[in-house]
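Below: a set of structures, written as C-alpha cells.
Both of the next two complexes hold chain A, though its partner changes from chain B to chain C.
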Partner chain A sequence: MNRLRIIAAVIAFLAIAGIAVGTAPTTDDDVVAPFAVRGGLGDTLETRVLTVTALDVARASSLDVSYFEGLGTYPEKLTTDSNWIVVTVRLTATIEPVSLSNARLRIGDSEFRASEFLPRPAITDLLAGPGIAAVGSLAFEVSDAALASDGAESAELTFPTQFTTQLDEIATVELDLRDIDSVPDYRVEKAVIVDGEK
Partner chain B sequence: MRAWLRRNRVSLAAVGILAPALIWVLYGIPAVNRSDGGPTIVEVAAGNSVEIQGYEWTLTANVEIVGEGIPANKVPVGDALVAALIEVRVVDDAPGDESCDATLTSRAMGIERSWRTESLPSDYGYGLQSTSDSYCSPSGTDFDYEMVFLTPDGAYETSTVDLVMGTESTVYRFALKH
Partner chain C sequence: MSRIPWWAWVLGALALVVGIIALVGGFATSPQKELPVVEIGETFTGGELAASVDSVYVTNVNPDTGLIDATVDYLVVETTVENVTRNPSAFSDSVLRVAVDGAIEETTPPTSILDTSRGLRTTYVQPDVPVALSYVWTVDAAAIPAGTTIYLGLFDQFRVYGDPIFGDGAYTRPTVVAKLSTEISDVRTEEVVSE
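And now, the complex of A and B:
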C-alpha cells in the first residue's frame, strides 16, 4: 500500500513537471518582450521616456527639403523610384533627450527604418531637453509591393528609444496606408520647437 | 556539547569564514561600487564663490523669461528661457586652454532632469551681453560666462547650474538667486 502511494506521488510529480516544462516560454523573447503603447493617428501616446503624437501621414515620390539651413549645399529634392511615406510627429521627452533615429515602420513582415537623408534640423537628430515639445517629420522609403500588401492596412510605426528594447515601453502608432493618395512632391518642414501643452 | 563542537570544528570554522565573505560579496562590494561611482558634488550657495583650478567662480545673476508663444516673445508657451551669469576671475596661476560644461538641472519630485546650454539663444529672442561669452573656455584671463537654457515652465524654481571642468568628475552645483 505504501509503495503504491510512493508510485502515485512520483507519477503526479512527473506529470506536474511535464506540464511546467511544456508550458514554459521557449525563448527569452516571450519573457522580456517590450510593451506596446498603442494608438492611431492623432492619439497622444505616453511611455516612460517620451510622449509622441503622429499628426499626419503622406505619400509622395519626391520630397522637397529646401528648408536645409546648414553649411554647404544639399539637394532640394529627394526622389525615389519607390514611395516616401512621411509621418509628421510631435515629440516630448520625459526625463532625458531621446532620439527618434530608431523609428521603424512595420508593414506585414517587412520593417523600414526612418531615412537619414532628411537634412538638419530633422526630428531624428533634434535632441530637445525633457519637457520641450518638438514637431518634425520622419520619412520612410517603402516599396510598391509593401504598400499593396495586406499588411499596409495595419502598418505600425514604432518608436524604440534604445537599441535594446527588452521590457521597454514602445509607442506604436497603427496606420492604414492603403488609401493615402500619392502626391508627386511633398514639402517637408524642418523640425522645430513648438508651444507645449499647459 | 564539547564533543559536538570538537566533531564539527572544521565545519564551524568554514561557516565562520564563508558567512562574512558572502555578506561582503552580496552587500559590501556593491556598496563600495556605488560610493565610488557617483561624482563628487560641491554645493555653492547663492551669491557665494568657489575656487576652481586657479579661478574664482561666482554666479552673479539669473533670470527667467516665461514663454508667451513664438510670435510674442519667441519662447514657446509652456516653456521658459533661463539665463545665468557666472563671473570667472583669475586668482593665481590660472591655467589656459581649459574647458567646462554647464547644465541646468532640476531635481523636482525626486526626478533629475537636465537641460544643455542653447548654442543660439538669439533663436529665442535672447541677446547675450556684449561682454559675455556663451561658451566656457578659461584661457588665463577674467571672463563672464553667460548660459541660456530652454526649459519647461516651472523648472526654474527647483534648478541649479551644474558645472563640470573638462573631464573632472566633480560637479560644482551653483544655487540660483531667487
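And now, the complex of A and C:
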C-alpha cells in the first residue's frame, strides 16, 4: 500500500513539474513584458505615468497642418502615397511631464511610429506638467498593405513613455481601422492645453 | 614481407588526409569577394532597408533652409528608401556615406537628411512606406566642380544574438555592403537676389 502511495506521489510530482516547465516563460521578454492597460476609443486609460483618452480616429491621404506657428516656413499640406491615420488624444501626465513621441500603432505584425512631421505645437513635443491636460493629434503614415490586413481589425495604439518599457504599465487603445472612410484632406488642429480637465 | 615501420603508417595516413583535403578544394585560393556594384537607380536590399541612389548634384542653395551662403556648397544625394522590416527604422541615418577626394571623408555623416517631397528633416522610416530621402553634405564652395568623382557606399547592420548586455537586441556597427561611383554632372548655382 505504501509503495502505491509513493508511486502516486512521484507521478503527481512529475505531472506538476511538467506543467510548471511547460507553462514557464520561454524568453526574458515574457518575464519583464510591460502590463497593457487596455481600452477602446473614448475610454480613459490610467497608467503609472499618464492618463490618456483616444477621442477620435481618421484616415486621410493629405493632412492640412496650416496651424504651424513657428519661425520660417512649413508645408501647409502633408501628402502621402500611403495613408495617414490620425488619432486625436487627450493626455494628462501624473508624475512628471511625458512625451508621446514614442507612440506606436501596431497593425498585425507591423508597427508604425508617430510621425515627426506634425509641426509645433504638436502633442508629440508638448510636455505639459502633471495634472495639466492637453489635447492634440498623433499621425501615423501607414501602408496600404497594413490597412488591408486582418490586423487592421484589432490595431493597437500604445503610449510607451520611456525607451525601456519593462514591467511598466502601457496604455493600449484597441482600434478597428477597417471601416474608417478615407478623406482626401484632414485638418489637424494644434495641440492645446485643456485647463482643468483630465 | 618485412614489417612496415610505424612512421610509415603515420606518413601514409597524413598523406591520405592531405590528399582528401586537396581533392575537395581545401587548398584552393579563396576568391576575394568583391563588394556588389550597383548603378544609379538600382535598388540594393539590405536586412533593414532597401535603398537606391537616384541622383547626385551640387547646389549652392541649402536644401534645408533655402538660403544661400557664398562660402559653402551642398552635395545632395537623392535616394529612395524602403523599410523592409516590420518596425520603424532609424537606420536611414547610416545607410549611405559618400567620399569625395579632398572634400568629404567617407566617415563623415550627412549634415542633414530630408524627406525630399516635404523638405523636412526626418529620422524614421516606417515599414512598407517607401520614402524619397535627400542626404546633404556641406562642403567648401567650389570644392566639388563638375566632373568630380564621388564614391558612394550603401551600408547595412546585422543583428547580434546573445550579447551580454543587450541580449538579442544588439546590432553590429554599420557595414558597407554595396558601392557605386559617379561623376558630378549637375552643378546648380543660383544668384543671391538682392531686394
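The rule is simple: the second predicted complex is superposed on the first by the 171 of 198 C-alpha atoms of A that agree within 3 Å, B and C clash if a C-alpha of one lies under 4 Å from a C-alpha of the other, contacts with A are read in each partner's own complex, and residues count from 1 in each chain.
Just so it is clear, contacts are C-beta pairs under 8 Å (C-beta built on N, C-alpha and C of every residue); 3 or more make two chains touch, one makes a residue touch a chain.
All values reported here derive from a predicted model rather than from experimental measurement.
Chemist: Taking the superposition as given, does A:145 touch the first partner, chain B, the second, chain C, both, or neither?
Modeler: Only chain C is touched by A:145; chain B is not.
Chemist: Have a look at where A:52 lands relative to chain B and chain C in the superposition and call it first, second, both or neither.
Modeler: After superposing on A, A:52 lies clear of both chain B and chain C.
Chemist: A:82 contacts which: chain B (first), chain C (second), both, neither?
Modeler: Only chain C; A:82 stays clear of chain B.
Chemist: By the touch definition at the top of the document, which applies to A:155: first (chain B), second (chain C), both, or neither?
Modeler: neither
Chemist: Tell me the contact category for A:194 with respect to chain B and chain C: first, second, both or neither.
Modeler: It touches chain B, and chain C stays clear.
Chemist: Identify the partner contact of A:63: answer first if only chain B is touched, second if only chain C is, both if each is, neither if none is.
Modeler: A:63 contacts neither chain B nor chain C.
Chemist: More chain A residues touched by chain B or by chain C?
Modeler: Partner with more touched residues of chain A: C.
Chemist: Does chain B (first) or chain C (second) touch A:113, or do both, or does neither?
Modeler: second
Chemist: Thinking of the overlay built on chain A, is A:133 touched by chain B (first), by chain C (second), by both, or by neither?
Modeler: first
Chemist: Is there a shared patch on chain A that both chain B and chain C touch, and which residues make it up?
Modeler: Comparing the two interfaces on chain A, one with chain B and one with chain C, no residues are shared.
Chemist: Can you tell me which positions in chain A touch chain C when the two form their complex?
Modeler: Touching chain C: residues 28, 72, 74-75, 78-82, 104, 109-113, 116-117, 140-143, 145-146 of chain A.
Chemist: Which part of chain C faces chain A closely enough to touch in the complex?
Modeler: Touch list, chain C to chain A: 65, 86-88, 115, 117-124, 126-130, 167.
Chemist: Could you pull out which chain B residues touch chain A in their complex?
Modeler: It comes out as residues 67, 69-70, 76-79, 111, 113-116, 149-153, 155.
Chemist: Using the touch rule from the top, collect the residues of chain A that touch chain B in their complex.
Modeler: 95-96, 128-133, 193-198
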